[in-house]
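First the structure, in the form of structure tokens, and then the observations on it.
Chain naming follows the written order as A, B, C and D, and within any one chain the residues start at number 1.
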Amino acid sequence: MAILRRKKSKLVEAEEKRSDLGFGTQITDPDTRLLNRDGSFNVKRIGGNFWGRYNIFNELIICSWKRFFTLIVAFYLVLNLIFACLYQAVGIENLQGVDLSTKGTGFMDAFFFSSQTLTTVGYGRIAPIGFGASTIAAIESLLGLLIFALATSLLYGRFSRPVARVLYSDKAVIAPYLDITGFMFRIVNEQDSQLIDLQVEVAVSMLKKQSDGKTVRRYYGLKLERSKVNFFPTNWTIVHPITDESPLFGLTQDDLLTSDAEFLVLLKATEDTYNQTVNSRTSFHAREVIVGAKFLPMFSDVAGAGVVTLDLRKLSDIQEIPLSSEYQPHQ
Amino acid sequence: MAILRRKKSKLVEAEEKRSDLGFGTQITDPDTRLLNRDGSFNVKRIGGNFWGRYNIFNELIICSWKRFFTLIVAFYLVLNLIFACLYQAVGIENLQGVDLSTKGTGFMDAFFFSSQTLTTVGYGRIAPIGFGASTIAAIESLLGLLIFALATSLLYGRFSRPVARVLYSDKAVIAPYLDITGFMFRIVNEQDSQLIDLQVEVAVSMLKKQSDGKTVRRYYGLKLERSKVNFFPTNWTIVHPITDESPLFGLTQDDLLTSDAEFLVLLKATEDTYNQTVNSRTSFHAREVIVGAKFLPMFSDVAGAGVVTLDLRKLSDIQEIPLSSEYQPHQ
Amino acid sequence: MAILRRKKSKLVEAEEKRSDLGFGTQITDPDTRLLNRDGSFNVKRIGGNFWGRYNIFNELIICSWKRFFTLIVAFYLVLNLIFACLYQAVGIENLQGVDLSTKGTGFMDAFFFSSQTLTTVGYGRIAPIGFGASTIAAIESLLGLLIFALATSLLYGRFSRPVARVLYSDKAVIAPYLDITGFMFRIVNEQDSQLIDLQVEVAVSMLKKQSDGKTVRRYYGLKLERSKVNFFPTNWTIVHPITDESPLFGLTQDDLLTSDAEFLVLLKATEDTYNQTVNSRTSFHAREVIVGAKFLPMFSDVAGAGVVTLDLRKLSDIQEIPLSSEYQPHQ
Amino acid sequence: MAILRRKKSKLVEAEEKRSDLGFGTQITDPDTRLLNRDGSFNVKRIGGNFWGRYNIFNELIICSWKRFFTLIVAFYLVLNLIFACLYQAVGIENLQGVDLSTKGTGFMDAFFFSSQTLTTVGYGRIAPIGFGASTIAAIESLLGLLIFALATSLLYGRFSRPVARVLYSDKAVIAPYLDITGFMFRIVNEQDSQLIDLQVEVAVSMLKKQSDGKTVRRYYGLKLERSKVNFFPTNWTIVHPITDESPLFGLTQDDLLTSDAEFLVLLKATEDTYNQTVNSRTSFHAREVIVGAKFLPMFSDVAGAGVVTLDLRKLSDIQEIPLSSEYQPHQ
């Protein structure tokens, strides 16, 4: 008898229509945010092989410049100390030219000889003689070259990594939009280099009670006034018109808070200098949505005629604006 | 009562059909061009964090070779001067081999010792002794390696950056096209390396008076005879046939000028050497459109049979051609 | 008379509808797997130009770190030996400063001089004099620079190569799914860096007897509950619901084994650090499919509230679960 | 009166349906091939700015390894000669340690000193003294670093450039296909590293006489049995079934030759090591199409059971096969 059989059912059809962003339906703790504001995921991972999970190169590419240079200097110091000890172990007198007057000056010169070898500057005032010291120096200079190759890779990686520095307004708003209302937030490109071909997707995640009483997390894509633009030289207010087709239609502000609504934003663009695709993510929790406010213009009149001037500081400037009586919250 | 409600209205539907390239509707000053001819945006940005906005690495990738090498040489000089001063500060006699006959020769030798350390050439005629000078030299040689790593990154970045050097004809023309007229401009690949899979989008931006008397900027995509080609070994004349479906249909030349019409061109292609996607932009203002002219062929008979010869200098060669009476301007 | 003519036939139409993943229909040996579990292809290639087929650079990019460093050290040793011999050939006395007391010390110093030249450390305690030795040293230092340039390229290539370290569950299962059954396997991202925009395709390859008695290999795409997700911070169970539209519909477990069924998985994603597209492949042979089992949750309660915790070690944890009587195998 | 007006005509509609690969309609010389067999374009370009057209970096990336190394060695020699002359110009006695016994030895030592400076090996046996020689050396060592940075860039560029080494069969064939005939050619991946997600487009270009007696070049896409495959571990025979929908339908072999038919092939794939998109092109002229032949299998029985073995040398192996009488040529 066949083990793999059964007609397609309504349950399957219903499931097929459901969307899922990849978080699954099981995250239902109301204190648990899915995406942090900076776009990172609110998931902790345990188990797994350390070397499989952790990528030191990526870490050094992503970390701050301060941390990067501190690590380089620390590494340089430690490596020179180790090699100075090695030279001392084989006998510091094998380094021709070393100041042997005291133990201290000998170690110091071994340390500096190590730094001259590691960076391949090799003045030669101090130089190795004999098999032991020469071998250590040969290894150290090879290591120096490889480390330097690594540093070049890291620097290039840090600089050439495509990053979309898109700034998001602090809050999203529910504002009047044409003759209805809209869910809106505003973005601007922080960098002077251009982003082109932007595409934005917005979804809302809400807790829903199933017919069996179990609470699950559901996801609904939000239709946008415009989900793509070719150019992004100024600001862009992304608008989801709350029509009768919207999953937000008919909800009160309390409904959003109670259902732990989180608006997830996924943005793609092409960075114009390298023509690389870049991504940016953020989320607005129901608590970060202001009902009855609109964004103020970001244009400025500082420059003369013929040039459009945009003031980046005005990104989150909003103004309270009463929604028409039929949208008033809490009535 | 629900705050988020209202049926989808006609206003919303109309807005959904409108296209926007990302410039918005508010730029209505007739002197204000959206895109400059070189493809840059005519927007000035103020405010914002300097380090967030400005990317020195990108700047050094994009700038001219002359500027790039001037900066490198200047940086090399300044850095050597700074380190020469540091060596002098700890006592120039700590540099073994320095010519101490005069203060000048001492500083000069410190300067050259610095250059030998920074480039890691380290001849050793001059070499540091003692803690102070050795420490500075150790730092300088590390710095030298990092700077050199940076230079490698910059050079690779400059060379490998995908750039579409597409040349556009100086003017666009309105020329006879089959039995109607067409808006045309011509492009050619400046570089000998190939571009493939070209895609071009052309839109026109015009000022429109709304029913409430307010002037807004509107955008209309222009349908092209061909918007994609697989290969681009010769020239390509991009044609928008002005049929009754065109937003240009029925307009006079004066209408174009009055409405501040600007034709925005966005081109994408794949650079064949690295298989990278490249972008190119330009715009033709109504003032740069010649009514009643056609492009002359760019083929040349210089080479013998069996080889197609293209003369890049003929890109903007046009010839006046009377439009049939029904298209004559200003009648 | 025309040579190229004949109306489109039913045979052609039937062929057009058939899918082929690129393995062809001729691989029908039941012992022959198409894809190995690690995603490599089970194909041996002979003939062809060695240099055309084999890419040493790619090999050095892909090989393990242990192998990579062993090769570098071996190469360094061999190259220094070769150059030491060359210096000896032109007369070791042309290396100023070499310890000529015995033949052994002379060769040893030539060897270390070579290493100092190759790494460009150049202490100068030993230095070439005369045309022969100087020429060899000039060549060696150039070679050193090029080798180092190569090492930089290799290191950067190794680190920046986009790799999707997706872990697949050891087995696939046939489990209850809603009110039917489903073919399921589970994946998780091994690395802490994010994968986004995952797309997965699953196909099944089975041997089929044609009407002419010949056995051919056929391929059928499997429709998935979800074939794309935007984010992948936790695990993802990929489900093919076995509805009446499925090629698996009505088959018994024995049918799968007899027809040498192999489930081919092709996954694409975007690596979030560099925004590069990555691929991952695997296959599940009928022997690696457990009928009547389901995956256990991977979430863990280790961390406190507000954070979702995922335990990577639970990826392949399954539990036997009886399929409802109508799906029982072997009845 | 409006200048831009006229209803859409049938002429425009007909043009819209025509396809063009980007070569245009004007290349009608029957001796002129569009694409060479190696995928390069048969177009000569004149005029234009040399620096705009020619990209030395790309040239050095694309050229053969032999040429690349010859250029590097030549450049190294010339640069050292130039600097040796410069050192001589400021007075060779400013290089401490130079053998001044004859003019020849002095120049030789200056030359080798230059090489030691350029590669930053800097032994120090010879070292600059005084302003002139030190300045030249400081410039040369900076130049050395930059050149080396360039060499690193070039090597990385050469190695990491994505190249699809797809081998095409020498000839295309018209062979029996199911119960009709098909236009076929065969490809195989020369490299052992995998190509995935192959897409192939085939078009035929033929000269056509227009109703006005003018001969123009027209392009027709050819519908393929399969235009995409996921994997490409073995060979792939690309088939265009010549049904009644084909532009080849009803043509004789002579028709193909007379109309100067050229089959243009454009292939895209993803290289699996770097996940980069690669392109490959070729063309088959009517003279390179054999009517009445089929490709022989490329599989080999060399390896044992359980492994599929592919012999790359059999790529172009064909066998004559008579087409059924209705397709016989020249009747």
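The rule is simple: a residue touches a chain if its C-beta (ideal position, glycine included) is under 8 Å from a C-beta of that chain, and two chains touch if they have at least 3 such contacts.
What you are looking at is a predicted structure, and each value in this text was computed from that prediction instead of being measured.
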item	value
Magnitude of the superposing rotation for chain B and chain D (Cα, nearest 5°)	90
Type of chain A:chain B copy interface by residue overlap (half), same or different	different
CA centroid of chain A to CA centroid of chain B, Å	27
Whole-Å separation of chain centres (CA-atom averages), chain B against chain C	38
Multi-chain contact residues (two or more partners), chain C	116, 120-124, 148, 152, 156
Partner chain B, residues of chain C touching it in the complex	120, 122-124, 152
Touch list for chain A against partner chain B, complex	72-73, 76, 80, 99, 108-109, 112, 115-116, 119-125, 148, 151-152, 154-156, 159-160, 165, 174, 177-181, 190-194, 196, 198, 225-226, 229-234, 236, 241-246, 248-253, 255, 270, 272-275, 291, 297, 299-300, 302-303, 305-314, 323, 326-329, 331
Residue numbers on chain A that touch chain C, as the complex places them	1-9, 11-12, 15-16, 20-24, 26-27, 29, 31-33, 41-49, 52-55, 57-58, 61-62, 96, 116-117, 120-124, 126-129, 131, 134-135, 137-138, 141-142, 144-146, 148-150, 152-153, 156-157, 161-162, 201, 203, 266, 276-279
